[in-house]
Amino acid sequence: MAAIAQGQPAKNRAVFQVSDADPQKWNLTLNNAKNVQDDLGSESVDLEIVVYGPAIGMLKGDSPVAKRIADALKSGVKVVACENTMKAQKLVHADMLPGIGYVPAGVVELMKKQHEGYAYIRP
Amino acid sequence: MAAIAQGQPAKNRAVFQVSDADPQKWNLTLNNAKNVQDDLGSESVDLEIVVYGPAIGMLKGDSPVAKRIADALKSGVKVVACENTMKAQKLVHADMLPGIGYVPAGVVELMKKQHEGYAYIRP
Amino acid sequence: MAAIAQGQPAKNRAVFQVSDADPQKWNLTLNNAKNVQDDLGSESVDLEIVVYGPAIGMLKGDSPVAKRIADALKSGVKVVACENTMKAQKLVHADMLPGIGYVPAGVVELMKKQHEGYAYIRP
């Protein structure tokens, strides 16, 4: 009965994976999120970007995409960093951009969200 | 009740994302689609390739993979281009390969198809 | 009634796609699998890595990641090679690492697993 337990339609929910250390992938992801909000209405969508592995540096305080991430957060997109990756790279919360969230393991978060009915997008 | 509303098994339905400007990714995607058709029977599968972002150039009239895309279309694979990406690159329908389809936003299409029960493949 | 037929919650099941010939992707995938096992308990998760396309060489007897793959297999992760890809590269079972499994078509396996409720992860 898993699917029924999930409760509500997945139509407007998506989880994005960012795991490459590639600013172009970030820009594509943030464009994707914006397009979804523009097309479906930002009030009615739940979007989450899960960041782990080599991509984690883009969430550091000196990130080249800091401004765009701040804009995404302001528009309602959730951005979460993988603490497993942070530990491996000796990063602490104080090193990271303000406003982001944290999850113990990025890949487990991706599994949970899909289980809850989120579409998965890997830009 | 989303899952019940989705109606039918997803077993033979898949949506492929192509968002890299990499001819090798295209060849892999088209090989994937062909393998699925060969394995499950092309009559009984629904396959759709959603093209957006840096990959959109491969759907232009002068695409280096034009012949293979024509073959895929002929075999029943649906190929759709993201109009958001096209707008950003000042492309119009007349610039594109014949026989392809169009969607307003590639990433929204990927969400919809997953919601309908399509498996997601990102070659 | 597809979703009900799938039977049980997908919470602890994931299928990983590896299709790039990039040792870093392999290391990320194997780290991901280990993190999931550590976080959720290796007894209670079902993880499968599907290998196809340009990635297939990493499953050959002389793979640079042979040791790590052996460790993953020992920990309960399933690793399967695509026989379509093997055929195209003239590889036979005897060329491959011990302990791995085989599927006729990697992409069909990814579709099946998603249909069974596995989350999809593309590192």
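Labels A, B and C are assigned to the chains in the order they are written; within every chain, residues are numbered from 1.
What we mean here is this: contacts are C-beta pairs under 8 Å (C-beta built on N, C-alpha and C of every residue); 3 or more make two chains touch, one makes a residue touch a chain.
From a predicted model like this one, the values you see are computed outputs, not experimental measurements.
For the pair chain A and chain B, the CA-based superposition corresponds to a rotation of 120 degrees in steps of 5.
Interface chain B/chain C: under half of the residue numbers present appear on both copies, so the contact uses mostly different residues. In terms of their C-alpha centroids, the spacing between chain B and chain C amounts to 24 Å. Multi-chain contact residues of chain A (touching two or more other chains) are listed as 3-4, 120, 122. Per the touch definition, chain B reaches chain A in the complex via residues 1-5, 17, 19, 53-54, 84, 104-105, 107-108, 110-112, 114-115, 120, 122.
Chain contact summary for the complex, chain C toward chain A: residues 3-4, 6-14, 24, 28, 31-32, 35-36, 38-40, 117, 119-123.
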